[in-house]
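Below: a set of structures, written as structure tokens.
Shared between the two complexes below is chain A, which has chain B as its partner in the first and chain C in the second.
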Partner chain A sequence: MTDPLVRFHNVSKSYGTYEAVKGLNLEIARGEFVAIMGPSGCGKTTTLRMLAGLETPSGGDIRIDGKVMNDVPAHERDTPLVWQSLALFPFLNVRENVEFGMKMRGIAAAERKERALLWLDRLGLKGFEDRRIDQLSGGQRQRVALARSLVTEPEMLLLDEPLSALDPHLVIRMQGVLTRLQKELGITFVYVTHSQSEAFSMADRVVIMGHGEIEQIGAPQDIFRAPRTRFVAEFVGRNNILPGDKPGQELVVAADRMVVSENRPEGNAIKVEFLSEEFAGTSIIFYFEGEGGEELKAQVSEETLARLAPEPGQTFWLSWSPDSVHVMEPV
Partner chain B sequence: MMRKSSILFQIYLVAIFAFIFAPIITSMIFSFNSDRFPTFPLGHFTLHWYETAFARPEVWLAFRNSAVVALAAAFLSTILGFATAYTDFRYGFRFKSAYLALALLPPTIPLVIMGLAMLAWLGRMGLSGTLVGIIIAHTVMGAPFAMAICRLRLQSMDPALEAAAWNLGASQWSAMRHVVLPFCLPALISAYCLTAAVSFDEFIVSWFVSGLNKTVPVMILEILQGNVDPQINAIGTVVFMTSISLVIVAQVMIFKKSSQ
Partner chain C sequence: MRKLSLYPFVWRIPLMVWQGLFFVGPLLLMVAMSFWLVQNYRMQPDFNFTNWERMLTRGYFWDAYWVTLWRASLTAVLASLIAFPASYGLAFHLSATARRWAIFCLIVPFFTSYLVRIYAWQVLLAESGPLNALFGNAGFGPFTMLNSGFGALVGYLTLVLPLVVILQTFSLSSIDRNLIEAAWNLGASPRETLLRVIVPAAKVGLIIGAVFAFILSFGDFVAPFYLGGSKPPTLSILIIDTTKSGQQWPRAAVVAIMMIVTLFVVAFAAVGAAYRKRK
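Coming up: the complex of A and B.
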């Protein structure tokens, strides 16, 4: 990547003997929407906090705009963060919250007010400027937090699981707000989440982390269809992991590429026992147990469900075409 | 059944309050009674005892001493208490539990011991018998209360709040000034009022260290040693009203946190 905005070079962070982040290398381009995803404790939040200057790396260096930032304190960086808890100041009203960053930077009161009102308007909060924070709904607070971070017009916005406290229907709406904002402003978003749907639907690139290391970086589709490791395949979900031909080799077949049949079909197939089904909107996931006790999944249509009418314990065959197979790196 | 037990409970509650407040109320009533001795039936209403008590310059002086000591000791206690509570909130370090135990220790020391120790220590420093000496003693006694109140408030603060301020360009000191202190303001007011009340009422340690600069409780004892006089009731009523007002403000401010 030429002239990246952010560059992590061999960055590590340890707390005592616990290594939260190990030898992380990552470049983030200008104007890119990057999601860092992984299970809790994978080091994603630590990575974000190091970028904001709230944690100091134990090793390696972090550059922003080519400048090494390791020892630059948080308040001298321009890396506003949208917090999981939002961290709005309860003793200030909406406008004062939005003005806080400008006040700390010594911008005059009149200009502060003008810019705060502009951003509140932009985020659909016109008329709410004198409200107290506890008089707002969850979605409104979310937008105040966004306005507070964006009002200083930073080059980069950090987001730490900002939607995790919202109702599902609000999450979808806020995802729309965030992607639109990111495109309009053309700034870099670094978005930390454990939610696959949030990461995959918004980000240009997804970074999957596990145990303090990057497991895979790629476009959402690539990560979904071609997981590099077993960890990624399992974390992304809806994948079937099958033994490969060579020892130690493993294959991945996505659940939506699996065909369920009652009799043994031609080609690649395995015998499985039906466990249960799960409704996910219009699609249905069948869960099976393979002969070795492994869990297997197939995404089927409503017609298939009606035709097969599976009973727990019933035997089926799962088959797949050779071109839907992805071979993973050996463990 | 339910009704009966709830009535019993209410009677119990009234009895407790009567038990606690009866002596104070009685003293208040006799402070307005014209008779020289506290006996029933009462005489007529009078402000005579207040007039005579507050005509005495030593009473005014004692009130002035008490006010100076209470205001200054409460100020210092609140600063110390807040600083200790913040250290606990913000930092983890070795021997932290020992540090906290030490900070909370003073109220567990018997007052006579505390008074003697203060007398010896302040005497050595040449502060015995001075207002500064009493202020030091009362600061030591008040700080743990202030710390407990500030700690309660800080526990309800989102730890991300301070970091959010840094993230928005506030230095450590600006974050303290613009975020932590405003958040803790109700607790600071509460701590100030409560420690002022503690100081204003405190007798034993004051008695040891006050010397000629008597505070109100010490002066009351001196008057009592001379003769029993309804003036004591008048002074006592003023002291009680002052303390209870401070405590009420302190309580209101503590409960304010739940609404925010």
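Coming up: the complex of A and C.
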């Protein structure tokens, strides 16, 4: 394997006594789409900002292309970032916004214009070049921000919750735009989000962070099926945490692997009380309460819903096959 | 047609009455007065262009006009330049609490009368005053600072600087920090960020600050009179002189109208430039 593009080695960042990031080790390969995910305050944005040079690590080092970047100021790096707020310059029009980075690099006006128009065209903004930013819709602004960051052809693009301000239908479309761009350009995307659906549907690898530390790194499927810790299992959701055979041991069974029955089945099963149901598009989630008060979930089909017609308080049995059990690391 | 609702109308009445009685009324009276004549030290209502011709064809009027315009412009530019580093520091290098204290300290000068502060400068700037004593010890001077253009400028800056700093600080501290970081992120050095992002983003506040400096110093009488030595006279001093010599209120009205027209033109042009939307 070739050298990674980015290498975090024991990186930490503290603000006074508060440790935002603790001893982070992470390697990101060239051309990889990595999503860093976690609840707010988990240190994901701080990690991204350190990569862009907007924060200086308190300890450890960050290498890009093998070079230690700790003391390289933000404006001398080639790590364009797409902000959650987009941070488009309101006093510049669309084309001037896209040209800003090239202007700072001393690229001649004619070439700047040509490349800016090319990128605006590529992102479906042909004819919008002379518009003011406040004359654009949310989705159009998003694409201007992308064009502004990509026009300098960086090796890596950083994205900080770029879709969180968009309407749900636009989010799906922009996810398509982003994955297509990333594949076409073959550059590295480092994508920070708290949205599981965004991270899991786009990223090659997902990094789950909690309390300033990496909890798990893996492909979306691995993280979903085999959460390493209770933190990950709870954050990912749609699964059931069950006590294991040994003391302190915990098991996880995904909600879609749970079978709901009215009578006690063979094998592993627990007795539960029905609480409520939730429609999530085509699938339905049943929520139950176990005998110890714990919350349990099962993903079922419409047919199951029609067949069982559960009432709150009704007793059911949840069962699972041994091969859908994942044993988590003890806490 | 929209029905005029009585309730909000009632609340507007006091302001309208006040503005009508003490602004629009006197203004109209002044315009009318500029066409009156003075005979035997008494004003006679008339419609005569003599005063206008008399003032606008005299060199001393235009000398005073250009001096006033130049000083006010210089004050606006100097105050903006001197205030900017202070405002920048207040906006970007202080905590919100420290900034509130600083703003408070900038309001304190307004507690004391402007005239009192000007008297203090008279002492400080005098030929045998403490500043010249200091220069003398260092082997310079003495410099003539009082009764000069320099003295007047010190007065104007005393009047406008705290206000300009406050206006600039408010506009700088309301800039979205993400814009500044986005500029760095796109390769702009701190200097380029200042010129290409911070100044354009704070443009409205910076221009409003300069306009206030211009308006206040353009009409000021105290600084040019007590620190500038009245020579050359500014328009405000010219108005006093004209009313004192032979009760020439109509001619003073001509000067005042010229001042108001100038201020309107400058203020409208500046506010227009500040809020101009790009195509």
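By definition in this document, the second predicted complex is superposed on the first by the 329 of 331 C-alpha atoms of A that agree within 3 Å, B and C clash if a C-alpha of one lies under 4 Å from a C-alpha of the other, contacts with A are read in each partner's own complex, and residues count from 1 in each chain.
By definition in this document, a residue touches a chain if its C-beta (ideal position, glycine included) is under 8 Å from a C-beta of that chain, and two chains touch if they have at least 3 such contacts.
Quick caveat, the model's predicted, so the values are computed rather than measured.
**Student:** Does the chain A-based superposition show chain B and chain C clashing or fitting?
**Tutor:** Clash: chain B and chain C overlap once superposed on chain A.
**Student:** After the superposition on A, what does A:Arg105 contact: first (chain B), second (chain C), both or neither?
**Tutor:** Touch partners of A:Arg105: chain B and chain C.
**Student:** Which partner chains sit in contact with A:Ser201 here, chain B, chain C, both or neither? Use first/second/both/neither.
**Tutor:** neither
**Student:** Is A:Ala52 touching the first partner chain B, the second partner chain C, both, or neither of them?
**Tutor:** both
**Student:** So, does A:Ser14 touch the first partner chain B, the second partner chain C, both, or neither?
**Tutor:** neither
**Student:** Please indicate which partner A:Ser283 is in contact with in the superposed arrangement: first for chain B, second for chain C, both, or neither.
**Tutor:** neither
**Student:** In the superposed arrangement, which partner chain does A:Asp130 touch: chain B (first), chain C (second), both, or neither?
**Tutor:** A:Asp130: touches chain C, not chain B.
**Student:** Could you say whether A:Ala74 touches chain B, chain C, both of them, or neither, answering first, second, both or neither?
**Tutor:** both
**Student:** Scan A:Arg148 for contacts with chain B and chain C and give back first, second, both or neither.
**Tutor:** both
**Student:** Answer with first, second, both or neither: which of chain B and chain C does A:Trp83 touch in the superposed model?
**Tutor:** both
**Student:** Going by the contact definition given at the top, which residues of chain A touch chain B in one complex and chain C in the other?
**Tutor:** Overlap of chain B and chain C footprints on chain A: residues 52-54, 73-76, 79-81, 83, 85, 87, 89-92, 100-101, 104-105, 148-149, 152.
**Student:** Under the definition above, what is the set of chain A residues touching chain C in their complex?
**Tutor:** By the definition above, chain A touches chain C via 52-54, 73-76, 78-81, 83, 85, 87-93, 100-101, 104-105, 130, 132, 148-149, 152.
**Student:** Across the complex, what residues on chain A touch chain B?
**Tutor:** On the chain A side, the touching residues are 52-54, 73-76, 79-81, 83-85, 87, 89-92, 100-101, 103-105, 134, 148-149, 152.
**Student:** Along chain C, where are the residues that touch chain A in the complex?
**Tutor:** Result: residues 176, 178-179, 181-190, 192-193, 196-197, 200-201, 203, 277-279 of chain C touch chain A.
**Student:** What does chain B use to touch chain A in their complex?
**Tutor:** Result: residues 158, 160-161, 163-171, 174-175, 178-179, 182-183, 185, 260 of chain B touch chain A.
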